[in-house]
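Each of the two complexes below includes subunit A, the first together with subunit B, the second together with subunit C.
So, the complex of A and B:
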C-alpha cells in the first residue's frame, strides 16, 4: 500500500538538501567556534584574567621584596587616602581631566564647525588637524618640551619678540604653569579626535534645518544652541567620554615633560613609580582598579545624561 | 554683503590659526633638526633656519653610509628604528588578520555565545590599558617573554583588537548578504567565501583597522617602557627620550630623531587619510 507512494515520491527527493543545510548550519557553528576561540583565549589571557588578578591582588600584599602574599583586606585602598603622594597625584589628574576635557570639547567643536562650513580646502585642513593625533605622544611631548625650553625655547622667544614678557620664564618650575603646559600638549594631541567625531555628526544634519531656522529669524548662536547641539548630542557624549578616559590615564606627556616631578605627576605616573620603581605591586594595583572604576563611572554619568536628554528632545 | 565678507574673513583667519596650532610644533621640530647648534641656541630665536645643516641626521644614520662616528648613536638609533618597525608592523598584520576573521565569525556564523564573546571583547575598550600592566608584567616575567618581540606584540594585539573587531563588524554588516549567498549557491565553502569574496569587499575597512593599529603601536610608550628594557626590543619611543637624560641635551639630535619617528604617521595622514577618517568615524561613531 505504501510502496507505490514511496516509489513516486519526488517531492521528498527534493528535500534531500535538507540534511545538507542542517550540516552546514552545524558546521557554521563549529567553524565559528574554531575562528573565535583563539581570540577568546588571547583576550582572556591578556585582559580578563589580568584585570581579575589586579582586583584580587589589590586585597593582598604582593611585592617581590617580601615573601608570601597575605590577605590585607582594604588596607591598600585605605592607605591611598592618607598617602600625600597619591592625593597629590589625584589632584593633578583631576586638573588634567577638567582642563583637558573642556578645552578639547570647545576647541574640537570650534574646529568641526569651521571645517563643516568650509567650501574649499576642507580635505587639506582636516589632514593638518588630524596630524597631531597620529604622531607618537612621546615625540609630541619632546617637541613641546623644546618649545617650553626656558633658554632657547620658541614660547619664550615669541613672547619676548612681541614684548609680552620682559625676560625668559621657566615654565615647568611652578605648579600652575607646569600643569597648564602638560595639559596643552595633551589637548594638542587629543582635540583632533573630537573634531573628527563632531564633524562626522555635523555632516548628517540636513541643510533644510538651518534654512528653516534662518527663515524663522534665529541668529547664529541661537541656531547653534537649538538646532546644532541637540542634533549632535550623541557625538558630544562620545567625544566627552573619550576625552575623559584619555585624560584620566594621561602619562606619556607628563612623564616626558617633567619625569617623576610631583608638580605634574598624574595618577598613572604614581602607579608606575609604585609598581615598577618601589616594586609595591599590590598597592599599585589598588590604584589601577580605582582609576579604572572612576574613569568608567565618570564617563557613564555623561552617557546616561546625554541619553536622557536626547530622549526627552 | 559686508557681513558676508566679514564672515569669510573671520573663517579664513580661524582656518589659519587652526593650521598654525596644528602644524606649528611639527614645523618647529623640522626647522630645529636642520639648524646648526649655534643657530639653535641663538637669541632672539630663529624662526627660520639661517642655514641648513644635516649634521644631526648624519649622527643618526650617517654610520650606515660609512661615515666615521665616534658616538655610536647611529647603532642604537637604527636598532630602535628596526624594533619599532617590527613591533608596529607585526602587531598591525596580526591584529588586522585576527580581527578580520573573528569579526566575520561574529557577524555571519551562528554559534552559541557569539554575542556574549563579541560584547565582552568590545567592552575591554573601556578598560584603560594601564590597568593590566602590573599583572601582565608578572606573567611575562614568569614566561620569560619580557624583552621579546612576541611578548610585546601579543600585548599590542590584545590592546588594539577590540577596536579593530568593532570596526570590522560594522563593515561586514554593511555588506549585502546576497553576494555570499550567490557564492554558496555556486558551491563555494564558508572559508573560501570569506577569504576570496568578502575580504576584498571589506578592504577599505581592513585598511582602516590596520592604520588605527599601526598608529597606536608605533606611538606606544608605556608598554615598551616596561616590557622592552634593552636594545633587543627597545623602540624609538623609548630610545629618543633617553637622548635627553644625559647632562647635555642635544636639541638638534632629539628633534631630528623625532622627525624620523613622525614620518610613518605623517605618510599615513597624507596618503591614507580617507581610510583613517572613515575608521575613526566608524570606530567611535556607531
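So, the complex of A and C:
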C-alpha cells in the first residue's frame, strides 16, 4: 500500500531517471547546441577573439621598431581626428559608400525585375549578370584599368569617336572623375549580388497579388511601390547591408586603378599604408576598429528595419 | 566446417585457425610496415637533402645558379618570387608574427632602419665571406646598430637611361650632362615629334616616385636634410624645391606623360622598351640588358646609360642596393648563409650579371666585367659609380617609410595640380618632422 504522501506525488516521479548525455544531446535543444558549436568555435577563433585582441592593442602603442607596448588610452583614436590623410581617406570612403550603395541598389533592382519578367533565357542572362561578381576583384580592376587607360582605353576612344571629348583624358588625375571611375568598377562587381538577392525575393511574390492589383487598376509604378517593394523589403535590407559593408571595405579597385593616390585612397588603403608600410600597427588597428563600428552602425539601421518588417509577432 | 572436413590437408582445426591468424597478422604487418618503411625512407631522404627557401623580387636567381648551388652543397633551394609591391607586405607580415617568410629574404636599402630597430634579422658580420666584406663598398648601407644585416647582391644606383636613336634623330650628339641641356633635349625630341612625352618618370604614390624626387634634388645639387637633420628642401633655392618645380614644369609642358601619375618603375620601363619615351630620368644600370634584348624590347641596341645631369659640373647620385638577409626566425640559418656566400662570390656575381643583368656589388667583379667589355654602358657606369653616395649619411632611419610615403604623395599631388610646390615642400617637411618625432 502506498502512503498518502506517496499518493500525492506525481506518478512515476521517483522512477524517472535523469536523461543521459546521449539523450540530452539527442533532444532538440541539445542537438541544436551541438550543431551550432563548430560555428561558435570557429567564429570565436577567427572573428571574436581577433577583434577583441585588435581592440585591446589599439589602446596601446604597437610598433615593432619601438620597445614595449605601453598603454596609450584613446591616443590612437584622437590622433585620427587631426590626421589630414585619414580625414581625406574617410571623405573618399563616404563618397564610395553613398554612390556605390545607391547605384548597386537601383541597378540591382532593375536587373532583378528584368530577369523576373523574362520567360525565356533567364538562366543565360542571369549567368552573364553574375559573371563580374564571380571574377576576382583584382581581375575586374585590371580590366577596367585598361578601359580607363588614357592612351589606348576604350572609354576615351568611344567618347572621342562620338565627339564628347576633344582629347584623351587622364581620368585618375581629377578627383571627381577618379572617384566616379573607382565607384563604377565596384558597382559593376557588386551589383550582380544584389540582383540575385532581389530576384530570389521577387520569385516568392504570389502572382495573384499582381492580378488583384491589375484588377484594382494599379499601374506598373503603383504596383511596384505598393506590392513589390513592401514584399521584398527584407531582401532590400539584406542587399543594402551587404552593399554598405563592401563599400566601406573598398580597396582593390582603388589600389589597382590609382595606386595610393590621395584622390581615391579609401580608408582601407590608409589602414594598409599605416600598418604595413609605416609599421604603426596600433594606429592601423584603431582605424580598423573605427571602420568596423561605423559600418555596423550604418548597417544596423537596415537590420533593425528588416527586423521590424519581418518579425512574426 | 571449413577445413576440417575438407580432407584437403591433415591440420587440426586449431592449427588451421592459428595459421589463418598468423597469415592475417603477417598481411597486417606488411600493410602497416610498408608506409612506415616509406616514411622512414622519406625522413632519411629529407635529413640528407636539406632545403632552404629564398624569397626575392622579380625573377629571382636564374635556375642554373640554383642548380649549381645544389650540386655543390647538396642543399635544395625553393626559390619564391614576388612582385616588388607585394614583397614588403609579405615579409613584414611573417616577421611580425615571429616566423621567417623564407630562410633567405630580400632586404631593400630602405627597410634597413625598420628591420634593424625591430631586431628581425640575423647579424652576418661573423659568417659572411671576408672577401665579400672587403670588396662590397655599399655594405655600410646595410648596417644598423653596428651590425651588418644584409649582404648586398644588387648594385643598384640611380642614373639616367637614354634612347640614343631618338637623340640622334633630334640632332643631339651626346646625352645631356646639365639640367638645362636635359630640358632642351627633351623639348627638341618633343618638337621633332619623335616621342610625344620624352621624359619617363614615375609619379604615382610609391617608393619609385620619392626616389626619383631625391635624384632630381641631387641633380640640382641639393640634399634632403642638413647636417642637423632638418629638412633642406623648403627654401625656393634648395635642390628639393627646384626638383618639384622641374617636375611640375615638365608635366605642364608635356615632357612627362600626365598619365605617369599612375606609373611606377615597371610602367615607365615598359614605355621605354616600346619606344614611347626617350629618357628614363630615374633608372639604374640593371635593366639595360633587358632594354637591349631584342626578345624583350622594341628598342634593342638603342639604349644606353648616361651620367646624371647636374648644375655644378659634378654628377651626383645615390645608391639603393638590395641585399640578402637571414631572418632570426629561420630554422636553416647555416644553409642560408652558405647560399648567401655562394651567390656573393666574384665568379657567381659575374655569372648572374651575364645571365640576367644584376649589377655586381663586388668591385673586383665590376672591374673584371668592364675589362672584358661585357659591362653594358661600362664607361658611363664606371663614371657614375664614383659619384654614388648614401642618401642618409647615418644609414636609412626607421622613420624613412612614412617620410617616403609623404614625399611620394606630395610629388604626385604637384604633378596632378592638386598642390603647389610651396604646399608640397611644407607637407613633406611636416611629415618628416612628425615621423622623426616618433623615434
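Basically, the second predicted complex is superposed on the first by the 260 of 313 C-alpha atoms of A that agree within 3 Å, B and C clash if a C-alpha of one lies under 4 Å from a C-alpha of the other, contacts with A are read in each partner's own complex, and residues count from 1 in each chain.
The working rule: a contact is a pair of C-beta atoms (placed from the backbone, for glycine too) under 8 Å apart; a residue touches a chain by one contact, two chains touch by 3 or more.
Quick caveat: nothing in here was measured; it's all calculated off a predicted structure.
Colleague: Quick one: is A:151 in contact with subunit B, with subunit C, with both, or with neither? Answer first, second, both or neither.
Modeller: It touches subunit B and subunit C both.
Colleague: Is A:254 in contact with subunit B, with subunit C, with both, or with neither (first, second, both, neither)?
Modeller: Neither partner.
Colleague: In the overlaid three-chain picture, which partner chain does A:57 touch, first (subunit B) or second (subunit C), both, or neither?
Modeller: In the superposition, A:57 contacts subunit B only.
Colleague: What is the contact status of A:279 with respect to subunit B (first) and subunit C (second): first, second, both, or neither?
Modeller: It touches subunit C, and subunit B stays clear.
Colleague: Which partner chains sit in contact with A:160 here, subunit B, subunit C, both or neither? Use first/second/both/neither.
Modeller: First partner only.
Colleague: Is A:35 touching anything from subunit B or subunit C once the two structures are fitted on A? First, second, both or neither.
Modeller: The answer is first: A:35 touches subunit B but not subunit C.
Colleague: Check whether subunit B or subunit C contacts more residues of subunit A in the superposed model.
Modeller: Of subunit B and subunit C, B contacts more residues of subunit A.
Colleague: So, A:101: does it touch subunit B (first), subunit C (second), both, or neither?
Modeller: Neither: A:101 stays clear of subunit B and subunit C.
Colleague: I'd like to know which partner A:127 touches here: subunit B for first, subunit C for second, both or neither.
Modeller: A:127 contacts subunit B only, not subunit C.
Colleague: Using the superposition on chain A described above, determine whether A:173 touches subunit B (first), subunit C (second), both, or neither.
Modeller: second
Colleague: Identify the overlap between the subunit B-contacting and the subunit C-contacting residues of subunit A.
Modeller: Overlap of subunit B and subunit C footprints on subunit A: residues 149, 151, 272, 276, 281.
Colleague: Flag every residue of subunit C that touches subunit A in the complex, lowest number first.
Modeller: Touching subunit A: residues 88-89, 92-93, 95-96, 113-114, 117-118, 120, 204-206, 258-259, 261-262, 264, 398, 401-402, 405, 408-409, 412-413, 416-418, 438-439 of subunit C.
Colleague: Can you name the residues of subunit A that touch subunit C in the complex?
Modeller: My answer: residues 63-66, 85, 149-151, 170, 172-175, 257-263, 265, 272-273, 276-281.
Colleague: Can you name the residues of subunit B that touch subunit A in the complex?
Modeller: Listed in rising order, the residues are 11, 14-15, 18-19, 21-23, 25-26, 28-29, 32, 40-45, 98, 101-102, 104-106, 109-112, 114, 117, 120-121, 124, 126-139, 154-155, 157-158, 161-162, 165, 190-191, 215, 218-219, 221-222, 225-226, 236-238, 240-241, 244, 251, 254-255, 258, 261-262, 265-266, 268-270, 273, 276-277, 280-281, 284-285.
Colleague: Considering the complex alone, what residue numbers of subunit A touch subunit B?
Modeller: For subunit A paired with subunit B, touching residues are 25, 27-33, 35-36, 38-40, 42-43, 45-51, 53-54, 57, 110-111, 114, 117-118, 121, 123, 125-132, 134-140, 142-147, 149, 151-154, 156-158, 160-161, 188, 192-193, 196-197, 200-201, 235, 238, 242, 245, 248-249, 251-252, 255-256, 268, 271-272, 275-276, 281, 284-285, 288-289, 291-292, 295-296, 299.
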